[in-house]
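Following this line, the structures themselves.
Two complexes are shown next, each including subunit A; its partner changes from subunit B in the first to subunit C in the second.
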Partner chain A sequence: MNQDKCTIEINGVEVEARPGQMLIEVTDAHDVYVPRFCYHPKLSVAANCRMCLIEVENVPKPLPACATPVAPGMKVRTRSRRAIDAQRSVMEFLLINHPLDCPICDQGGECELQDLAMGFGRDVGRFSEGKRVVRDQDMGPLVSTDLTRCIHCTRCVRFTQEVAGIQELGTIGRGDRVVISSSIEQSISQTVDHELSGNLIDVCPVGSLNSKPYRFSARAWEMQQRALVAGHDCLGSHIFAHVMDGRVKRVVPDACENINETWASDRDRFSYEGLYADDRLDAPLLRENGNWRSVSWPEALAAAAAGLQERAGQGLAALVSPSATLEEGYLLQRLMAHLGSNSIDHRLRRRDVRGQADEPGVPWLGMPVAAVEKLDQLLIVGSNLRKEVPLLAHRVRKAAVAGAGIGFINPADFPVFFPVASTMTGSPDDFWLALATLVRAAAGDGELPAGMAGLLAQAPEPQAHHHQLVARLRDGTRAAIFLGQIAQRHPRFADIDVLAATLARLTGASLGYISEGANAVGLALAGVLPHRGPGGKPRATPGASACEIIGSPPPGLLLFGIEPEFDCAAGSGPARSAGDGRFVVACSAYGSESLLAMADVILPIATWFETEGTFVNAAGRWQSFAAAARAPGEGRPGWKVLRVLAEQLGAKGFRYPDAGAIASELRGLCSDGLPDALAHARLPVAQAPVAGSIGLSELDVPIYRIDALVRRATALQQTVDGRAGAPPAAAQGA
Partner chain B sequence: MSRISSAIKTFSLWDLLIGLRVTLRNFFVKKVTVQYPEEKTPQSPRFRGLHALRRYHNGEERCIACKLCQTVCPAAAITIESDVADNGTRRTTRYDIDLFKCIYCGFCEEACPTDAVVLTRIYEYHMEEPGQNIMNKDKLLALGDKYEGMIASDRTTDAPYR
Partner chain C sequence: MQASDKTAPLSAEVRKEIDRWVAKFPAGRQRSAVIGALHAVQHENGGYLTVELLEAVAAYLDMTPVQVFEVASFYSMFETKPVGRHSVSVCTNISCMLCGGDQLLAHVEKHLGIKVGESTPDGRIFLKREEECLAACTGAPMMMVDHQYHENVTPARANEILDALE
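Let's turn to the complex of A and B:
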């Protein structure tokens, strides 16, 4: 008989199974439903709810399906008298202490306990003694607690241990006095602060842990579920927006095994609150003699078109949010080309573009997201990984837990909750020299790579641990080097990039980039770069890059989806003074103070919740989505605004019927597959770097300050990370 | 013969008299006409008239914003918006019943887990301005406060049969 397979009988039907597999996995695979609470496919088996009791032939007592391994020849009955009796009895016990408060419970209507009580509950309770009441605990601004409803399945505890990596919740007490609590040793603040803690809401099968921002504002059955792609990090997690009366009420993850599994980061889950911020624009604004006036779309567009046309000859530039959709980026790029300018860029926080001509055209991860957890050696350079891309950090954690060697080269020892093989920290200015040392170690006694001597001269002598790390990278069958967002924001990025590419080449590792925003890969493909056009093809005459545009703004400026003072590297965005003759058009969902100070026309555009579009994630996957809600007031999707603006400027060929037509046109311009980051040898850039020192706070953008939407999400701003990242002025005001 | 009797009946208005006999008899029968508005027909405690929202004895609103009435309403006459109240409980911020849409089926009362929304025995009401058909939360609570005696006694009377 085949060692890997055996035959068992479930309810009289013979099925194939793997010996040692848990019975519930077999029944799930064959569409035989066994009720359960504590079992979760992504978590370890606890077998403490006892709801999945089933009958196995020749076993005197019912057995829990989630913790009973398959043995050859087993005969299982899930709907026999005995199994049903056991399940009904367990349900009666579970309901003893569960309050009858479904009408005020946010889980009501989507509650696993409610559903199973319909199937296995008695219609009349026999329990006449007093019910248990548990005091609620404040677990922070994201997760609300109603601990009286808890059935002690411990899914939440296992989630914090096994997925988040830090046990923020635990059980206190025994027997019927067990309570879930965050008052445990490892949780210092007694709140759930992990960047994935919102998933507690989903893993809780009852209404014990729920969403605090959503609390009591709608019922599950009133909302419509619309699929979206999350727009805050480069993974492009699949999410659902739940919409009632045209307003997004909450966001939940959509299962996508290849990207976000079943999880969503808190940033993706709670950022929707920013949609309804006070400064959300509901009409176009036009500056007249220094005063702002709400105007109609035709008037605003005419003013914008006239201003841009007038300055077309003198110099125009566009700064684009790295989370703009592919369609918006492509239209902007075409619009700027029509106006005769190549100065368009989405790399707003980049400080060093010396090596851009040699960089790979598309800064992508170099592998599918799911492949990250299969890596056996990974070196991450310049990344606060957990805060940059929380769910990528989760994949890296899975790899680390499985035994992969993870190394960090960082300007600070950012905490991660998994075993790290080596961490090399240095000052923000020269932490990257460790990478140069590794290149020296990798080159060994042999010749240094051509032209590298100057760069490597600054590096310290390799020590034993450097040689070990290089040896591990070399020995790894699946090894990779990732350049994080801190590396990409660094004033010596060109050098870091060349060193990383050299190290990857010497050790046989692959090279990947953890890009900023939701769509850096897509915008690179769309040609929102000064030196590369659509499809990543080099431009004949490169335009000014974002840092040059910010440093010396041209007479005409188009800002798309950004708040210059927060989204740009320099910290303030392009300077503007009254009467300087500049003309600034801002397409923005929000009328922030800085935009009001610097723009001449503000066109209200939709956020990614409210527009159809496409994001290309870090693994190069094109993901299109439709609008989940309507932009408030006169706000319109960005690609429609650009379509009309281009028509007004006399550009031809902008009459796209829908966003899909734009994406498919661009697709035709993109060659198959993304470029290999190591496709051609790279030499150190000759140009000297910008002198000066840089601080950690300039390199590391706080997790909840990354874009305009998230900066306005009130609950996220109240978290520990949100408060730590708040600008000093706001912190003083609060 | 038939022609003679027919003529007599015609000229003596015989058929009219036969008819008037019914009229005459009813002069002496007990009257059933209700002299509305001076007199009113008796009502069942289950009568389904104008809506009201009730409070507990301590003045707390009974309604917990569970939206079951809104969900069960076959005419989609109820609109509810909910939020967290100052004391942390679940409360409505808006509770509107459109009296033009309402078909007075009483499902809302049946669905209510806290006996908050009830149909009172009030049936004499009218609207003069557009928009008065919308009963908002304040109006419904005021009705509940005013007629709590009637509402409570009706529920008590009917309780044994539920």
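Let's turn to the complex of A and C:
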């Protein structure tokens, strides 16, 4: 008997199905609509709303399609009298306690209950008794509650349990008294703190859980939906910006199975609030005799060009946000090349570039995002994974739940909500020595890799668990080692990198990087590096790296999309005094205090919400997007600003008609595919590391402090993660 | 570290009792011991559970607090608000109703001066809210006092039983 396929009949049409598959999966696959509330393809089957009742021949009662497994020869009717009657009755039952407040409900117009009530509800309710009222609970700054509207589908509870990995919501009480809550009493405020909790808003099929920052600010049908690529982490999640009158009102995920599935991290979902911060610039600013003055674009650009031109011979450097678009990065490095400087970098929080010449040119994951959940062994070194890239942590969680062995080597035991096979923690200074111990264990009695002796001498003797971990990496059919952002910010990164590459080579695992910002891979390809030009080609004379630039700033400095005091590891930018001969141009969406103290010209640029551009994600996928909203006032897309600035500086060949032309020019300079991180042998660096000690707070950047936009997202700053990450004094000024 | 602090409200005896329940289930399924654990904690705490105690049980069994709240709020045998020391339930389901259960309940309410769901001001007796059939129909009307069944209860007998409670 063939167990893989069978034939069933749906509404008289024969279709193929897998025995054991739930009927609703088959009907969905064949575009036969069955109404549902509690069923969600990413969650377990609860079968408690009963909306998906359908008729199956020779079965005396209607059956829920979501919980009825396919059997060969089944004859299913989804639109028969009996099925429709059952669905209508369920709908009437669900509406008994549902308030008729659609006109003031944010879900109105995009509500599964409202839509289905149109299709299956009666015109007149037969229920004349009093409706149930449920007290709302405060679940924190992101998710609003109107629990009277709840139909108890428990999608939210299952989301916290199965996707987030920690059950923060539950059903309190029973029967007709049951309420969704995060505590035992609705009056007790208990925040929902997981970094994916905004997805509760999407899984809720009614208006019970909604977006708090968006609350009552627009109606679904008044907004336009614009597709975007999220710009806070290296995944490049697909999102929609919902825009009204040129303003972003909210952000929701766009389904992309290969990257973000149907989810969005809270950082991607709620960062848009930062677009409309008080210090958002609406005109170019020019410093004159110590005072700031709003000026026209031609005046500002002329001043910027003159200042940069004047210092071109004396030393000029550019610091670029790791979330700048590919186009912006490419034009910036062309501009710097025109001015005769190779000192351009986007690795703002990197402290150690000793090994940069030998590092793979592109810090990518080494595999597609979706492949992470198929790994069977994964060792993550130096990463607060959930806070660095929340949806990558979700993929790792899926792998772990499926039985993969996940190991961490970290300066702290960062909590994760999945089974971990081994955790090795050490002090922030030398937690990475565990990696050296693993290399020793992997080398065994055999010859140590050339030149490694010095590095390995510091490592403790391998213990049984080190040998086990090495054996697991060796035996894994799909094994990988990822270097996280903490590793990349570490003052010994060059050593960590060589050790990881050696361990990967000895065990047959692949090596990948969890890079910072949305576009570290793209900017590496665009040549926003002091030692590599476009396409990753080594530069003949390397320029200064970010930590060197910020440590001893040259006379001319170009800042692009950054606030040095928060975005750079090595310092907060040059202190200024009158007549110091410096010249600082800042391209920034915000006129923060530190920029006002540091810069001579501030050019207001668009954020990634407001510009066309391209991000290359950690898997090397080029993703272009169009502007979703307009930058306020005189703000202009960065690539257009750079185009005009270059012309002012007399550079040739900057007349690109659109951002796409820039991206395709760069594409022509890049080889197909990204290099394997283990393509060439790597030797330990000879140069001694910078002496000194490092603290955990310097290595681990809080999730909602990562860039200028998210630092201004008010709701995110009020979350537990946001408050924990706020600087001790005057969090608002950030 | 924080988890171990949260279990502080649990006494050594209660921990022993919870461990006895945990041992009945396969390793890693300690969650299954939650009902036994809540019984033990409620018993020791004089008949009801507090948020602090529920969170302690959650920490002890490695569950999230809300998972314990779900169980505690689902079962009618757990009280999550302060109540009197002795739990009294009068059955008013069909057999008892036919044999005078309603009158018995009214009598008990009058005698104690409280309504169902309330506790006496001295914290001695908690009259549990309307109880469904307790499966003692042959002895209707019946009354349950601290898990002990009293059958064929007359108003005079009820007074006797209630007044004897410490």
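Going forward, the second predicted complex is superposed on the first by the 716 of 734 C-alpha atoms of A that agree within 3 Å, B and C clash if a C-alpha of one lies under 4 Å from a C-alpha of the other, contacts with A are read in each partner's own complex, and residues count from 1 in each chain.
Convention: a contact is a pair of C-beta atoms (placed from the backbone, for glycine too) under 8 Å apart; a residue touches a chain by one contact, two chains touch by 3 or more.
On a predicted model such as this, the values are computed, not experimentally measured, just so you know.
Novice: Between subunit B and subunit C, which makes contact with more of the residues in subunit A?
Specialist: Looking at subunit A, the partner in contact with more of its residues is C.
Novice: Scan A:A218 for contacts with subunit B and subunit C and give back first, second, both or neither.
Specialist: Only subunit B is touched by A:A218; subunit C is not.
Novice: Once the shared chain is lined up, is A:G170 touching subunit B (first), subunit C (second), both, or neither of them?
Specialist: A:G170 sits against subunit C, while subunit B stays out of touch.
Novice: Considering only the touch criterion stated at the top, classify A:I104 as touching first (subunit B), second (subunit C), both, or neither.
Specialist: The first partner, subunit B, only.
Novice: What is the contact status of A:A337 with respect to subunit B (first) and subunit C (second): first, second, both, or neither?
Specialist: After superposing on A, A:A337 lies clear of both subunit B and subunit C.
Novice: Let me test your reading of the model: by the given contact rule, A:S183 touches which partner, first (subunit B), second (subunit C), both or neither?
Specialist: A:S183 sits against subunit C, while subunit B stays out of touch.
Novice: Classify the contacts of A:A370 with the two partner chains as first (subunit B alone), second (subunit C alone), both, or neither.
Specialist: The answer is neither, since A:A370 touches no partner chain.
Novice: Okay, in this complex, where on subunit A does subunit C touch?
Specialist: Interface residues on subunit A, with respect to subunit C: 166-174, 181-185, 188, 190.
Novice: For a test of understanding, state which residues of subunit B touch subunit A in their complex under the given definition.
Specialist: 64-68, 71, 82-84, 89-91, 113-114
Novice: With touch defined as at the start, can you tell me which subunit C residues reach subunit A in the complex?
Specialist: Residues 51, 54, 64-67, 69-70, 72-74, 80 of subunit C touch subunit A in their complex.
Novice: Where on subunit A is subunit B touching in the complex?
Specialist: For subunit A paired with subunit B, touching residues are 102-104, 108, 215-219, 221-222.
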